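Below is one structure; the comments refer to it alone.
For clarity, chains are labelled A, B, C and D in written order, and residue numbers in each chain start from 1.
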Amino acid sequence: MDLFLQLLLNGFVNGSHYALLGVGFGLIFGTTNIVHFAYGPVYAAGAYSAWTAAALLGFPLFLAGLTGVAAATVLGVASYLLLYRPFVRRDAPTFVVLIASLGLFILLENLIAILFGTDKKVVDGYSAGIHFIGPTFYTDIHIYQIASLMILGLALAAFLRLTNYGKAIQAMTDNADMARVIGIDTNKVSILVFAIGSAISAVPAVLILLRDGALPNMGFIAVFVAFLAVVVGGVGSILGAVLGGFLLGMVENVGMWQIPTEWQSTIAFIVLFFVLLVRPQGLFKGT
Amino acid sequence: MEYLVHIAVMACLYVILATSFNLLIGFAGLFALSHAAFYAFGAYTTAILSTQAGVPFPIPLLLGVVLTAGVGAIVALPALRIGGHYLVIVTLALQVIVLQVLINGGEFTGGPDGIAGIEKISLFGWRLSSPHTFLPMAIFGAVVCTAIAWRIARSPFGRALKAMRENEAAAQAIGKNIVLMKVIVFAFSAGLAAVAGSLLARYISYVGVDSFSIEETIYILAMVILGGTGNLWGSVVGAIILVLLPELLKFLALPPDIADKMRQVIYGLILIGILLVRPQGILGEHSTAPALARRARKDAHADEEIGTVNGTEPGEVTVSARGLAKSFGGIVAVRNFDIDLRAGTITGLIGPNGAGKTTAFNMLTGFLQPNAGTIELRGRSLVGLKPHQIVREGVARSFQDLKLFTKMTVIENVLVALPDQSGDSITSVFFRPGTVRREEEENFNRAVEILEFVNLADKAHELAENLSYAEEKLLVIARLLATGAEVLLFDEPLSGLDPATLEEIFPIVRRLARSGKTICIIEHNLDVIRGLCDVAVYLDEGHALATGTPDELVSDPELARRYFG
Amino acid sequence: MRRFLGLTFCAISFAAMAVGPARAAEGETFKIGALLGMTGASSYYGTVMSRGAQIAIDEINADGGIDGTKLELLIEDHKGGNAQAGVAGMNRLINIHDIKAVLTSFSPPTLAVAPIATEKKIFMINGGGFSAKMIGASPYLFHNRSLATDFTRGILLRAKEHGFEKMAMISVKTDAGENVREIAHQFWPELGGAIVADESVAYGAANMDTQIAKLRTSGADFIFAAIFRPDAGTFLKRSKEFGITVPRLGIEYTPDDQKLAGEAAAGFEFTTDYFHPTDDNPWAQAFYGKYKELFNEEPDYYAANYYEGVYVIAELVRRAFEAGIDNPDGAQLTELLWKEPTFKSVYGGDMVFQENGVAQKRVGLFEVQADSEKKFLKFIETTVPGK
Amino acid sequence: MSEQLLAVERLSVGYGKKTVVHEVDLGLAEREILIVLGHNGAGKTTLMQAIFGLIRTQSGRVLYRGEPITGRKPADNVLGGIAYVPQGHGIFRSLTVRANLELGAFVVRDRSRLEEDMETVFEMFPILRERATQIGGTLSGGQQQMLAIGMALMHKPSVMILDEPSIGLAPNLVERVMRSIQTINREFGTAILMVEQNVRYGLPIAQRAAVLKTGRKVYDGPPEPLEDRVELMKLF
């Protein structure tokens, strides 16, 4: 029973992490319909910039985190303007954009490895506090992971509902042509979602830096999980991405209650496989 | 230089992988990213059979091909349901699952250690242990596999694949069974990839999961994109370039501990560059027709005059529908609809928007199943048949939005629509090449005749997407005609054409009717109805309100009033 | 096909021209190849190994090489275990650079190139690959690191010493991890122990919490971690955070892991090649100093092993020259090795190559102190595994 | 004709090589309702999209208040006071009625008038007030069409281009929609350029009618002569 509770908590924590990744990726994918694989290295770049700020420039942690967010944002927007936009302009087939994105992935990941080296980057002198409810353990990082999802999730929801640009994003996600008809500049909106999506990705990145340290290839699994969460939850739905992320987190942890852990890295994909066979539009999306 | 020979061997293997992958994504337009998994299946089958059961070459290879083809056919199932990004992610997931199974397979798959000590191929006591000795085998494999892929791509089946890629509905509407086609192309693509895998296992005499990662699929994908989708030579070139590129990059003098990362960066840059500069790849897609044109001898002549339907009395009823009804979520689109279509007669279907004309067509051609009612063609019921079956029965339709195969040439559009081609069956493609070849030549001449019939012969080798408005309409007619169906249903075939052009097209349709075809036309441009139809049926609120000559109907004040709501 | 062969050859001959100047100094240089994982998930290893080897090369050349013959290091990337890449690299080394001795790493590519080494008579020395399956893969394949068997037996003997019975095991799903796992499953019961949990994590796992939660509730006397960098550090950190109190035993602890785990590593006991630079061993200290100065990082024993590997080859080449062989091949080098299988080790003292090709090093037992520094406890005698 | 608010001069439009609309002239005066009739595929929608800048023109020009606006971005046209209601319920199906209306006013920088503008829309279509919190996609066809028109109203356009507002609506709804269009024209003086199939309800509210046939204008003048359906039929 202790084990089950612990796994439940782990599932919740990892779920929050995945959900946040999914939200960032889903915002970009849902609005622009671009499969942004380079989301992975952008996420990694966020972690590495935060590390640079903290370890090399000696920024306080919070400022370092912001540096990471800023860097990811810039890189994300740049990847749209310099890479994707030309393709969107001449409305190239989606798979061409997809390959281009893979190319950017390879490029950025190796650039990071060259710039920062391949050893694990850790922010020295930070150790997370440990707490427990009964037999169930959790750490500060876990709290941050959950909190960040709550805060950013709500903030994003508020942004989408209340602000003019938020509405523009919703509109474009719903129907890009109609968005143009009512006078929305879809190009500006695309830049905006790349900015927000990349910024969001940097937050879980920084938390992982603090928890497990940063490695150049950390982005691969991140973008994969994000893509899974979004597709399982339903493209174009932020809530769907969140729920999708939680579902993955849960099966990966609670699912391992009885199943041997050697299948952990696979089970999410098996879930996805069957979800899409049964409900191609995703679990948490109408029509 | 053994090293060069080794590169040549690897090039051969990747040529197999790239061409087989191209069949799937380039020709069938199925974007399934699990090719490395098929590659792995072939490699592991050989590895396991030869190390654990000592089965000699080539049995493991053949078994591997069969097994993998089976797996491919299964992977096709999701592809039947979903497309686009979803197929991408599902097949990526599949790839991950396969790798994990191999890693967790314990002794059977060698786990993360992989399987070492795979027996080299021995032929006539000659052991292919060095690259030199193996190269001929690799070339042989590459030639055979490319030839198979080539054969498929250039066959009527391959043409049908492209048609399916361009537009699935239209492919069904000319009698293609797209479900079967998807399963077959997956099976072949996977089976060929397995050959490469099996050869790799024999050549390196070791297999490990790291050789079949997602990166590998992406690598092969890059070869196909670089060379040009829908062009097998492109894949050959793409494979060679991307096999050589990393080797050439090795000659850049770079600091050792970052050298290979730099090369990866350059690889990424090149990939992006190509896509920006030449998204269609080095070699564009090309038509199979010109080759045919050279082969086809004029004397191999199609027997009868275009459009002739044998054994029909002009005026006899061919299609007769009774009491058709269809409603969508409570909204009644068609109710209690009766219609008789007669041979040699052009029937016009008119009525205000939303009267249910297109819905009626969809039911007559199996794209929609009626909630009630009967449809008979010369007494044979058509209810419940799939669209492609109904076409073969003899009822074909065109679409309001044309649905031409835009990336295929005009003559290919017609060729692909010709009925009962033995080349549509993959078995004939390989086991009755003579027949297929002869038919192809006949069909080519047939297609030319059909194009002449609609005055499009001079555009035969144009891409359909480059046609003018009027020419597109003519091609629609030609394609419909090519199906050989005796009943032709045209959904707004002439909309948007100016009077002059109409006058050019009318005679063509009339000739068809004279030659015995049963023709039914939905049209909003009443000039067309007036100028073309012998009979007109007035449809309103889902059922036939009146039948008569066009002039009677359009001059009837009541109907006129209804026409404008 | 002819078309592409043509393409291949003209492209390569162009390449060959490009490389021409680089081969100018031929004759006075003896080339040593290296098959390392330079890119991808495990590029860390390739990086440190190449650095270690390069330092050795520079040192030797600085003292005028081997009787005037300079050494040159040529690195090929096997992408951290990709067999094709390994074979391609091996072929390049042999054909383009006419190499006779290769520093290899990782068992999958090593297993994949072993047949080539045998046929082409290439001397190979592995200081990183870990799987006992490599033993006997080629007569010319040697290992200057103890293999999984030794470490595993060593640490399990230690567990026995503690009087533990119930073992909870966590292993990483790589050739090395799986290998250790198999050996442990066979050896621990032999020592009369029981295995109460057997978890595994993917290499570079994003989430290890599940496994650790299961370990914690397994009720074991100790946890055996068949985990390597970077996951070893993660394991130590997370297991501490999750309040695991039972002793943790393992087989790797690199500076990288130390960085991440910090104090959380305290009390961790592990067996490894005993590379301990701060020991009273001037050679090791010199190497340590150079490495630190150049890269501002501590060398781990992977760096040390490849540094040492170069010296082994250099020694064999020196012997060959003495024996009047100007351009020795792998078979001759092997022969010369067997004549006198004892070599000076940067680990201090001598190392002796056993008949299974493994330089049986003293397996050191270490404990991590509260300050996260490792402290040498003692050597553990492990019986040599047969061929 | 009075001073033209919106004018189209010898406009040709098409896709690639294909020309769909051939050198059409069209004028819309202040406060006028102009109905454009014609059979399917006559090029009506293409013409409207070209005027609004959604697709590129081949030749000819579009004038708004005497200024050439040919090929101007839709965003700028909306800012300039031109509204476009596309065919088939131009709404955001996944958003609430209120959100849709707010989006209608996207270009209006001054948000203070938002509420009162919405109020005017609600007065015109009370049903929308009832359904304010409902998801657009779940509205009935008629309500969706009203919403679409309401959205266009939100930025107080001086010209409203409607593409077959009656399509797929039951007769009584068609009448309802047409009346509201008339009201818009009367109350706000919005000039209306409307493509319509439904002559029965469309024609009566129009002050002028044009008929397109296969991309060419075959009639331009008072609606009355077209009241004779049989005559009209001849133009189809």
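Heads up, the rule we're going with is that contacts are C-beta pairs under 8 Å (C-beta built on N, C-alpha and C of every residue); 3 or more make two chains touch, one makes a residue touch a chain.
Values in this document were obtained by computation on a predicted structure and should not be read as measured data.
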Fill in the blank from the handout: Going from subunit A to subunit B via touching chains takes a minimum number of steps equal to 1
Problem - Selected interface, A-C versus B-D, where C-beta contact pairs are more numerous - result: A-C
Practice task
Indicate the whole-number Å distance between the mean C-alpha point of subunit B and the mean C-alpha point of subunit D.
Solution key: 41
Exercise for the section: With chain centres taken as the means of their Cα atoms, state the distance from subunit A to subunit C in Å. Expected result: 35
Practice task
Could you tell me the distance, in whole angstrom, between the mean C-alpha positions of subunit B and subunit C?
Solution key: 52
Fill in the blank from the handout: CA centroids of subunit C and subunit D: separation to the nearest Å works out as 75
Exercise for the section: Scan subunit D for residues touching two or more other chains and write them down. Expected result: none
Completion exercise
Within subunit C, the set of residues that touch 2 or more other chains is 39-40, 43, 46-47, 173
Problem - Of all residues in subunit B, the ones touching two or more other chains - result: 103-104, 261, 264
Practice task
Please list, in label order, each pair of chains that touches.
Solution key: A-B, A-C, A-D, B-C, B-D
Problem - Residue ranges of subunit A touching subunit D (in the complex, touch as defined) - result: 164, 167-168, 170-171, 173-175, 177-178, 180-185, 236, 287
Practice task
Going by the contact rule at the top, pick out the subunit C residues touching subunit A in the complex.
Solution key: 39-41, 43-44, 46-47, 173, 198-202, 204-207, 209-211, 213-214, 216-217, 229-230, 233-234, 237, 241-243, 255-256, 259-260, 262-264, 297
Completion exercise
subunit D residues touching subunit B in their complex are 14, 16-20, 22, 39-43, 166-168, 171, 174, 197-201, 203, 213-216, 229-230, 232-233, 236
Handout entry: Touching residues (chain side subunit C, partner subunit B) in the complex
Key = 1, 3-5, 7-9, 11-12, 14-16, 18-19, 22, 38-40, 43, 46-47, 50-51, 54, 73, 75, 77, 79-84, 87-88, 91-92, 94-96, 107-108, 111-112, 114-115, 119, 131, 133, 137, 173-175, 177-179
Exercise for the section: Within their complex, state which residues of subunit B touch subunit C. Expected result: 1-4, 6-8, 10-12, 15, 103-104, 111-114, 116, 129-131, 139, 142-143, 146, 200, 204-208, 210-211, 213, 215, 236-237, 239-240, 244, 247-248, 250-251, 253, 256-257, 259-261, 264
